[in-house]
Structures are given as structure tokens and as C-alpha cells.
Amino acid sequence: MKRKMLSSSTILNVMYIPALIFFAVFIFYPFIEGIRISFTNWDGYSQQYSYVGFEKYWAMLSDKNIGTTIINTIIFGFGSTILQNVLGLAYALFLDQQLRAKGFVRTIVYLPVIISSLIMGYIWYFFFQFDGGAVNDILALFGAQPVDWLASGPRAVWIITFVNTFQFMGVAMTIFVAGLQSIPKDYYEAASIDGANWWSKFKNITLPLLMPAITVNVVLNIIGGLKLFDVIVAMTNGGPGYASSSLSTMMYNLYFARQDAGYAAALGNVMFLFIAIVSITSLILLKRKEVKL
Amino acid sequence: MRKSWLSMICLVLLLVTALTACGSNKNAGGNTAGNDTANKAETKSQENVTLTVSTNVVGEQAKVLQDISNKFMVDNPNIKVEFSAPGKDYENMMKVKMASQDMPDVFATHGWSKNRYGEYLLDLSGEAWANDLDPAIKPSVSDETGKLYVLPMDQDKSGPVYNIDLLKEYGLEVPTTYDEFLAVAEAVKTKSNGNVVAVHIGGADSWPIGQFFDFFATPLLISAEQNYSQAFLDGTFDWNEFDKLPQMLKDLQTNGYLNKDVLTAKYSDSAKAFAEGKAVFGVYGPYFIEEAKKINPNLNAGLMPIPSIQAGDIPTFAGGEKTTWGISKDSKNIDAAKKFVAYFAQSDNVSAVAKSNQLPPGLSNVAIDAGELTAFYEQYKETPVLPFFDRVYLPNGMWDVLCKNGQDILAGGIDARAYSENMKKEFDRLRATK
Amino acid sequence: MKTIKYSILTLMGIVHLIPFYILLSMALKPSDDTSSKWVFPTNMTMDNFTNAWNQAHLSQALVNNFIITFCSVILIVFIGAFASYPLSRFPTKWNQFIYLLCISCLIVPALTILVPLYSMIVDLGGINTYWAAILTQVTFQLPLTIFLFTGFISSVPKELDEAGLIDGCNKFAIFFRIILPLLKPITATVIILTGLNVWNDYQFSIFFLQRVSVQTIPVALSQFISQFQNQISWVAAGCVIGMLPVTILYLFLQKYFIRGLADGAVKG
């Protein structure tokens, strides 16, 4: 009997074969090609190139722009993950109360996801613009000097993180709302009888039971934040210089503008490894913390 | 339950196969059925072909090209032209296409016919219109073996543009040397109480900064009697000499001649400021006037040559190809493509294209008709036109280094020396791979 | 207390409507109106809409968007649901490896695969065809789909499967008879999230769909921006047009959407 069950479940594995075929053809094969390119000095378009071994990987170590870019990428990744989760949870808790029109507000908070990120970046650019930007106009009302918000790399990085958070926190919020709704109400009632206050209920009931929602959010946000591209292109194009670049925009720049496709491919592979390690580790760690109902 | 799911899957599979069939049909056929029957009589002997055509230009200029191409289709009913103008991603798209050897039959080369697209282009020197080529543009689009890379419909003649009314208002003359240029900038700053900036650069887009370097590298390093052109070409240039150029840009900023938001303003902001009379000079080409006029049609703007820097030198224009058609050497429809290009070489078509860009035409049998700019081209007829610095003296791929490091020096991240060092590093790398 | 809560609620609503306000104001302003983008237009015009509609051939682009998104989403849902069943129900070492492999496809940077992928599609004759666009979009959305579906399926109580076994169903029948019908709410989530990604995709579509007859909206709108010119107000207008269908779809699906998340992904 046991044997039979085992073999029948192995047979079920054919069900993921279509998906694997898709991945093999459209992702694995080109990805392996990309690894090959990273060992060449190809310029990205001509037919001739030569193999240069690990040269492009070593070059990263002495490239000071790569350092800035990695730090920025980490801020984009972790900054937006933390912000989206904290704000998303706060919104979800607030909107979980008995309030009229909360469904409507939830819809509004979610809607920015519908605009493409590139357009979202342009829209927010008009806010932080030096001349005629909304923020500076408001400052002027109070008699303050205008600030060139996006001119400083580190500040631009945080502004971009904020914009990314603004756009996608609706997803995080929705996942949290759903998670909150699935927590049985009697848990809270029992705790109230024991005299627990709001904080201890939150800490002992809400948070542990929200762990699965947190896992989904954290994994999706980390990957999204570390791969951030469109918003940066629209707002600063990675500038001034490379001061607000992410690994994605840097790679794009190297590939097309600098015509150093080998280097771009090498950077892409390092980026892949980096994101894979970070996101899969957090996936496994968070999964362990989840409690089953 | 089960049955309904299964039928659903079948439906999807059917749908996908149907779409696949549609897609390949379109690929093979080209002409629509209606066209086929209508033209059957006259095209019986000729085979129907579909030409793919790509250009980097958009807007009004693209419309002019498209209109001519539509006329071409009317005159040649057996040739169908598929016209595409993808906008800002054109260059990237073409790079991917080159890598995959999937070039359109006819495409625009936006200044790079020889250095980037050269190995993919067919020699057009045998074409009838080749004899009419303007001698001024010939060196940019042909090489010493006689290969002619593209049809240049117009030729670039770029220099800074300026607001005529503002200069008049402040009683200033168009500068001919860089020192005069600085004096004018200083006068603008004091006379306007800082309300009008001398030079507006949309640095967030990075290429406008590159434009500054591209313009002023020529008078600094190339055009004077004593110059470094040979040193650049054989790779022996002493990059310490380059320090002056980034320093010039930095000094403009320190002296308050640039817009305050030089790092975050975009090209469109430059056009806006120029249109509204908030900036006197734009370090862009003639196209900038047109963009500004979309905002303020009454703008009175002029074109000037790039001021000279070295003693005894004279002002120059930067020039080269602008709107071109080249034919892919791997095209399966070379005859139709040649017909298409020859159609654009007809004098009224060349004239229309050149006019839409407000530039002199690329063929000598066509008169200049550049709208309001014609007067300036006449006025500066004798001014020498030198090729854009980066297209000749820097290896392909350096442009972005010029721009990004320019941002960096304006942001205070590096100094002029570091700028030149970064240039040298990429210069050597890109030369080595060629 | 109530008033404070409602003022916070109102503020939340307003803050998140800001981008739509800016977008609309951009789309309605004539191009020579250079006032700050956050000042609402004084003399509204529909020119931007008509220009965008005509010059970008948006009617055709909308049809293309519908075809590509519809077909992609159907394939995504089926292939994704199929793949997720064994991966979440039978987490052997091997299947866990496959699961992580699927997740890592979510991480692959688009640019590293772009050129090899493009060359391959050229060799297959797939440039400017619906099928190539659909198949690539399906591939890029599958990892997210599998991530959400596996989470959902593992929250479906195992007892249901066992009841099915007793009834004499084989494992496939259990999937079709018991699991699939239960997937409806999470499917709404998958449709919204992946459908939106496909609908708005620019990074790949700009390369694979160059011909006007197959262009999607984001690709068609890109022609309004080039180095030397831009018509950002036309882009904004086109963007509003492109947003309408998805917004309606979202409003229509949203009651399932929240339930889907509640029942599924979040129970782990």
C-alpha cells in the first residue's frame, strides 16, 4: 500500500513538467548563454569577441561604482521591504476596524499598482523637481529655500525607495488584510477574558498568526526591491553619475551604453546569486517561524 | 466537473494553435487579401515583398518619413513597407538586433553608420543618387575604400542656440571665443539679477552634459593649428591635457552660469526654460529650437557656431550625418530596399526631410530650405564644419562615460583629474577590444 | 475618536489618489501649458487623448493587449496550478529542489537573458508574433504563480485528499475533483497580479513586438518619447486609456481577490 502511494505521487510530478519546459526553454537556456557571455569581452552587438576568463569578475572588485551600487541596491531591497511591511501592516490593522467606506479606501490604496512603474516614476519626478515641483512649492509657502531633492545620490536613493513603497504597499496591505481576516475571532475573545491588553494580543496572537502573510510579503518585496529598475530610470536614471544606481540600472547601462556586455553579464550573475541567497534564506527562515493553525 | 475542465484545456490549446497559425501566416504573406486582388493585374509578374524599415526619429520628423514611405507604396504597389519608430529605445533595440543578425531591411544610423553599423551595411556607392552627394557630408558616410554606407538626407550643423531677444535686451553680442562667451554669461548673470541663467543644461538626462563635452572638445583639442587629433587616433593622447575640459564645465557651475538644478533638470525642462526666456544659451543643436517652439511659438532663437578656445582659432560647427537610410547587407529584399532608398533620394523628398529637421540637405542638387534657420546657415556659410568629436576621436561606447562622469563632477563626486583618468581607462579598454 | 479615525481614513484616500490626480492633470493640459504639473488645468483639452489614440494606433494596441493578456493569463493559471499541486502536496527532497528552482526564476535579471532569448526567438521566427509574446510572458509570470498557488494548496486540509482516496479517486482525480474547484479565490489573485504584469510589460515587449499590428500599449506609447523630443502629456493620456480596462477588471475581481489571499497564500 505504501509503495503504491509513493509511486502514484511520483507520477504526479509530470504535472510540473509543462512549467519546467517553459523555464528550460525561455529562462535556463538563455541564462546559461548569459553565463558564457560573462567570460567574454563582447560589446553587446558585434559578431566578434574573445574569451577573457574571470577578468570581468575581478574587474568588479576594483570598480568603486559597483560598491555604491551594491549599497544602494541593499537600501532599495531592505528599505522597501521594511517600509512596505510596516506601513502595509499598519494600514491593514487600521482598515480592519469597523469603519464605513473602508473597502473603498482599500481599493484606492491598491490602485497605484495598476500604473506602470515607469509612469509612476515620472509622476513622482514632478513632485521632487527643483523648479515647479510640488514639494518645493509647499516649502515656498513657508518661506523656505527650494531644495534640489534628487541632486544628492543618498537622498535620491531614499526618495526612490519611498516611491517604490508607495506604489506597492497596496499589495502588502491586501495580503495583511486577508491574513487578519483569517484569524479566528475567538482567539481574541479568549485573550480579552484573560485580561490581555492590545499590545499583548498583537504580540501573542496577531503577529504569530500573520507569519505566513509576512513570509509572502517579505519574499516578494525583497526580490522586487533588489531588482528595482523602472522607478530609478524615470526619476534619476541612476544619477548623478552612478550615485543612485541599482544593480539593475548599472547592468543596463553597462550593457547598452558602455558596450561592455561581458561585464554586464558578470554583474548580472553576481546579482542573481546575491538575490537568490538573500531571498531563499529569508524564505526558509520565515517558513520555520510559521505556526500552523 | 472533470469534463468541463478538460474541455477548457482543449479550448486553450486550440486557441494557442490558432494564434500561432495567425502569427506565421502574417509573417509569410504580408499583403492583405484586398490589396492582392486589387493589384493582381499589374503585379502579376512581380513578386510581392514586405520591407521592414526602422528609424530612431519620432514626432513630426517621423511623420514626414512615413508620408514619403506611404507615397512610395502607392507608386510601388507590390512593395509593402512596415515602418517602425520605437523612440528612445531604438539604439538598444538595434544592438539586440545586430547581436541576433536580425536587422531590418532599411534602417536609420543616427550618426553611427561607419563605426557601429558599418559591418551590417550594404555598399551604396553604385546607386544613381550617390553622384549627387554633398562633398561636405561625404567623409562621414563613406570610407577610403569608396564604400558608401548610407543615404544622408540631411546633414547636421550643430552649435549652441541662443535667445535673440534676450541678448538684444542686455545689449550683448553673439560670442565668437570662449572668453567672450564667459563674459556674456557674466553679463547675463548680473544684468538679470540671477533671474535668467546663461546656460541651461538638462543634466538628469545625462546626454545634454555629453553634448557640452562634444561641442567644446573640438575647439579645445582639435580645431586649432596645434592639435591632438593624431594623438587621439593612434591612442597616444596625453590625458592630462583633457583636464581643462571638465574644469570648464565645473567653472560654469561654480560661477553661477548654469541652472541651479543642472543635475535634476531634464532635457524637456531645458526646452521649457529656453522657451520661457529663462535661459539665454542651450548647448544643443537646431532641434532644440523646434522643441522649445512647441511651448512658445513666438520664441525668437538663433543658431551660432561653437566659440573658439585656442588663440588664433576660429569658431566651428559640429556636423555629420543626421537622418539617414542604410540597407542591411543581409536583407532578402535588396532590390526593393534600393528602390525605397532611391525614392527618398528624390530631390523633393530630400528637401522635405531636411526641412523637417531644419538642416541643410545631404545631396548637393537640393537647395537649403530650413525654415527660419535658413538665414543662419547662409550667414555662417563659410564657417568650417568639423565632425562631432566623439564620433571620430573616441571609440564607440565612450559617450556614456563622458556623460556620467560629467554628472559626477557637477555633483562634486570627482575632480577634473579623476574625470580624465576615468576617460583614459575606458578609452584604453574600448580601443583594445576593437 | 470616531472623527479622528475618519479623518485618517480620508487622508489615506487622498494621499493615494495623488498619482492619479497628477496623471489626469498631465493628460488634460494642453502642451503649451507649462504650469506646475500639480496645478489642475484651467483650460482642459482632450487633444492629448485624440493624439495618443490616433498616432499610437491605440485601438489596435488595446486589442493586442487583450489577446496577449487573456491567453497568457489562461496558460499561467493552468500550468501554474498543475505545477503547484505536486510541489506543495508531496514535498520530497527532489520536489523542494524543483520548488526553489521555480522561485529562483523569479530572480533572474531580465537583461542577462534578453539577448540570448531574442536570438532564439529570431531563429524560431517568433519576432512580432503573438505566440512568442504569450509564451515568454507566461514563463516570466509562472514563478510568482507557483509561489502563490503552492502556498494556497498547502492550506487545503489533507483530510479532503484522503476522503477522495477512500472514494476511490486516483491522485490526478483528486486534483481535478477536489483541489481545482477550491482554487477559485486564489486564482482571482493570480489573475490580477500576473495579468497586470503582462498588461504593463515594457521591458520585453519593446523588443519582441515592434510591428504596429502587434504592439501593446506600453510599446505603442514609447514612440512619444525620444532623446530630442517628448510628448509626456500624450503618454499620460495613453496611460489613462490603458489603465481603464485593468481598473474595471480589478474592481470586478476584487471581492474574490481579498478572499483568495485570506483563504490561501497567507495560511502558508
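As written, the chains take the letters A, B and C, and residue 1 is the first residue of each chain.
Here, a residue touches a chain if its C-beta (ideal position, glycine included) is under 8 Å from a C-beta of that chain, and two chains touch if they have at least 3 such contacts.
If you want to know which protein each chain is, UniProt gives these names: C = Carbohydrate ABC transporter permease.
Computed from a prediction, not measured in an experiment: that's the story for all the values here.
Student: Moving step by step between touching chains, how few steps can get you from chain A to chain C?
Tutor: So the least number of steps between the two chains is 1.
Student: So using the touch definition from the top, which pair is joined by more C-beta contacts, B-C or A-B?
Tutor: B-C
Student: Distance-wise, how many Å sit between the C-alpha centres of chain A and chain C, to the nearest whole number?
Tutor: Computed value for the inter-centroid distance: 16 Å.
Student: So what's the Cα centroid distance for chain A and chain B, whole Å?
Tutor: Centre separation, chain A to chain B: 36 Å.
Student: Show the residues in chain A shared as contacts by 2 or more other chains, in ascending order.
Tutor: Residues 44.
Student: What are the residues of chain B that contact at least two other chains?
Tutor: Counting only residues that touch two or more other chains, chain B contributes 96, 99, 101, 205.
Student: Give me the residues of chain C that touch two or more other chains.
Tutor: Where chain C meets two or more other chains at a single residue, that happens at 114-115, 232.
Student: Spell out the part of chain C that touches chain A in their complex, as residue ranges.
Tutor: That would be residues 5-6, 8-9, 12-13, 16-17, 19-20, 22-23, 26, 35-38, 79-80, 82-87, 89-90, 94-95, 98, 100-117, 120, 135-136, 138-140, 142, 144, 146-148, 151, 170-172, 175, 193, 196, 200, 202-203, 218, 232, 235-236, 239, 243, 246-247, 250-251, 254, 257-263, 265-268 of chain C.
Student: Which part of chain A faces chain B closely enough to touch in the complex?
Tutor: Interface residues on the chain A side: 41, 43-47, 49, 128-131, 148-153, 236-237, 239-243, 253, 256-260.
Student: Within the complex, which stretch of chain B touches chain C?
Tutor: Residues 1-2, 5, 9, 12, 15-16, 19-20, 22-24, 26-27, 54, 56-59, 62, 82-90, 93, 96-97, 99-102, 205, 207, 267-268, 272, 275-276, 287-288, 291, 294-297 of chain B touch chain C in their complex.
Student: What residues on chain C touch chain B, complex-wise?
Tutor: Its residues touching chain B are 31-32, 34, 67, 71, 74-75, 78, 114-115, 118-119, 122, 125-132, 134, 173, 176-177, 180-181, 206-207, 210-213, 219, 222-232.
Student: So in the complex, which bits of chain B are touching chain A?
Tutor: 91-92, 94-96, 98-99, 101, 116, 119, 203-206, 260-261, 263-265, 269, 273, 396-397, 399-401, 404-405, 407-408, 410-411, 413-414, 426, 429-430, 433
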